[in-house]
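Note that the chains are named A, B, C and D in the order they appear, and that numbering of residues resets to 1 at the start of each chain.
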């Protein structure tokens, strides 16, 4: 899940050089649209298609209205403008769907378990998420490094005016690419819907983790995003599972169940601080795609 | 295929830089823009290309009006830009730089291909796969010219094509421009090396503080050392 | 001959496959002006970057005033008297010309953990700064915002900022780059006035400036010093002519 | 002439703040006393942040963490009976300064976006810490039995006294800030923002100065946190939530980065807006969001630069 979001953000941020805090909001919008469509039509497929298409349009609208002039501006402006967008999206969603959380169920077809290895059963739905994540990774990597579209995006990131002066309508291209980044976030959102609750502000919780993934992996490189997601995912789940028991054996159960969850949630940040301390440019520094 | 500028005025922020530039690049001719630093040569190119907004005046190419169009539309009309400072894409390989923005929008016969660019600039062939951030100044300049040619322009604009290059490399660029002129491509060239430019170009325009103060053929320019000294500091 | 002020041995720096400086050996005596010429991409700017401490060499040593400074970071080398100017003008545009130079003085006048007296009121900083500005011919431009100075004046300001750190060795990276003929004349005049009082290492393309200033010239091609010696020797050297000067300079 | 006009605007502003209690008393609206005191407290935090954000170019996205630390530094001792304001407030500044030292030492090794993200991540770390420690009220926070005591000399429980204490702190901070920004230390910070490589070339190792500025900003944030707990007499970890850090950044940008006085104006406008808008609709943020985007797009140098006499740049 983390990787889906990280891939979308790497596309927008690493390659288009735009810090987009509102990426979490697009994740949330995707989740909401999918949930609404699913509850209304009952079919998961329709919900997915509708959510991706609608978020693509929302993403492009946001780009044209607010973000288009920010590409050349420094990161502080981008952070603040997208911070404004978060406030807007969180409230807008609250107005439309109310503040209470929505719940959807995992689609029947994927609700079973699959037999990974004899004796090891793994929820089918989560397996699908991982598969989709890997597929997206492959697709992005190929597009960015081997297609002309990828070259143009990378060229645009380093010198937009020059790409335009060579006859390419870079503005339109960026709008479309931003839209796909948004759709990727929506994909992450709609898949997270059934597992986590769908409520205003859900985007921000995961957003910070996604930034941690990107910074650890190395800003701007798809490989980095993949590696970062795996590392953070593991550290987080392992931390939550094993930290409390190990801690309680060390400092006694009562203190453990107090400090345990605290330390677990802080683990990934400590990890990030450590990585940045030794390798400020991350594990897989971007070779710029 | 003539380029005509009439009374172009442009400004950076509050300070006006161009005060009515008029010039013409007839089809198949090599014309130069000369003048000291900061006299508006680069601004004229940026205004013509639509990168800097035009306050007043008109730009026509091959009969079509280009003033007011965004840069990508001006480029699509057939103007190929080799910018000041080369501005190659450092995060792309040499081959990617050539291919990324290549196009043949005007269905030119015998369009430019990567192989033809490598034939003209053998140095680049050897570095095809390397990221061009590691290229030398001369190689980047050749790449920048190759990249512009790959869009099959009708008019090639070179802004300070030999600035900061060693004499040997400069000579190679001159000979390349010579060959391009032979092939019928019209060229607008900005450069400081008056002596070399008078051997190559058909017509010259001299700029001083955003105005054309003199224009004439190479023969006329060579006959006017006073113009050369006063405006070009030679 | 006393130990040279600057002794460089086997300096090597690679960027990926490209070897920018390949085992460069160089000596500069106190008070001498050494010019380094060479075609684009010969590694001149990379050499300056390693001498100033902005780039860490992959191999080789740099001895300055008898001390091995190879491992020292940039700011420490500057405090030891090794100042530099940049090929691409690098100044403080939002500050006035005088502020720019006063900052250089401030860097060498004790620590800056002072929170009370306004820096602009500290005569110990302003006087030497104003003097250095006069020295480079920018005396009357002291209170102008550096960002609004003409290109040539900004290059002069760069030199002033380097001079204000009272350096023993001055690394100048293409001081007359992008200058018109008359502006570079003024710069040559300025640099000539420094000879003898400061040791200068000069990287430059403009051959008139090089022959006007240099006591000795080293020619670098593809990361290696292929020839060093007095200007006349270099001008006549066949190998140099073929690799770099070409036919343009008729001796 | 310009700086005189600016001085006039400044004095007028501070006088205005000074008169609020009088007006509030006459109009029998004590609510405004509380509102403007809260505004001034956030203004203090914003001025502290402006030191590193506006002058130093260090985009710290976790400044609310220091407010949180300052708040806890008052609430926890009070919880154990230590109510001397002197102890609490010095503890607040010391602890938040220490935290800033630790966080700064790591974050300043990075730059650009990693710096923004790492400061954000550290603040979130402290937020999660605050949430999970049950001994001190965990998620639902802690009550502050009594405001910081200064041995009867200064009685904070009296709203007016507390108001002028906060105003006094703000004015002192602005005066000290003005001194600092123009002194050698401030010049180094501002020049490092303008051109770091050039600073290294002339002999400044800028890391220690930027870290010192980071610590000062942290300590000022801690002080603001201490005042905030006394203001609300209640404390929740949500003080440290990253949207709070966002709010403080907005105040600095809205008011005018790198102008020292701008953030005060930013705090006034932002919090008044918050107050007025929330009276209309509970979904007031749906208006605030786009407003913020407009400010970034069009009023880039903040409101302070629109006032008469504000000189164009931070000379």
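To be clear about the criterion, contacts are C-beta pairs under 8 Å (C-beta built on N, C-alpha and C of every residue); 3 or more make two chains touch, one makes a residue touch a chain.
In this text, all values refer to a predicted model and were calculated from it rather than measured experimentally.
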Minimum number of chain-to-chain touching steps separating subunit A from subunit C: 2
Between A-B and A-D, the pair joined by more C-beta contacts: A-D
Relative to subunit B, chain with the most remote C-alpha centre: D
Inter-centroid spacing, subunit C versus subunit B (mean Cα positions, whole Å): 32
Subunit C and subunit D: spacing of chain centres that average the CA atoms, whole Å: 44
Residues of subunit B touching at least two other chains: 131
Chain contact graph, described as a line, ring, star, complete graph or other shape: ring
Every chain pair in contact, whichever chains are involved: A-B, A-D, B-C, C-D
Residues of subunit A defined as touching subunit B within the complex: 148, 151-152, 154-155, 157-159, 161-170, 287-289
In the complex, subunit B residues that touch subunit C: 36-38, 130-131, 134-139, 163-169, 171, 233-234
List of subunit C residues in touch with subunit D within their complex: 52, 54, 73-76, 78-79, 83-84, 86, 90-96, 99, 103-104, 106-108, 112-120, 122, 161-162, 164-165
Touching residues on subunit A, where the partner in the complex is subunit D: 13, 19, 66, 69-70, 75-77, 79-81, 83-92, 94-95, 204, 208, 211-212, 214-215, 219, 258-259, 261-262, 265-266, 269-270, 272-273, 276-277, 280, 282
List of subunit D residues in touch with subunit A within their complex: 53, 59, 61, 106-107, 109-114, 116-118, 120-122, 124-125, 128-129, 131-135, 242-243, 246, 249-250, 253, 283-286, 288-293, 295-297, 300
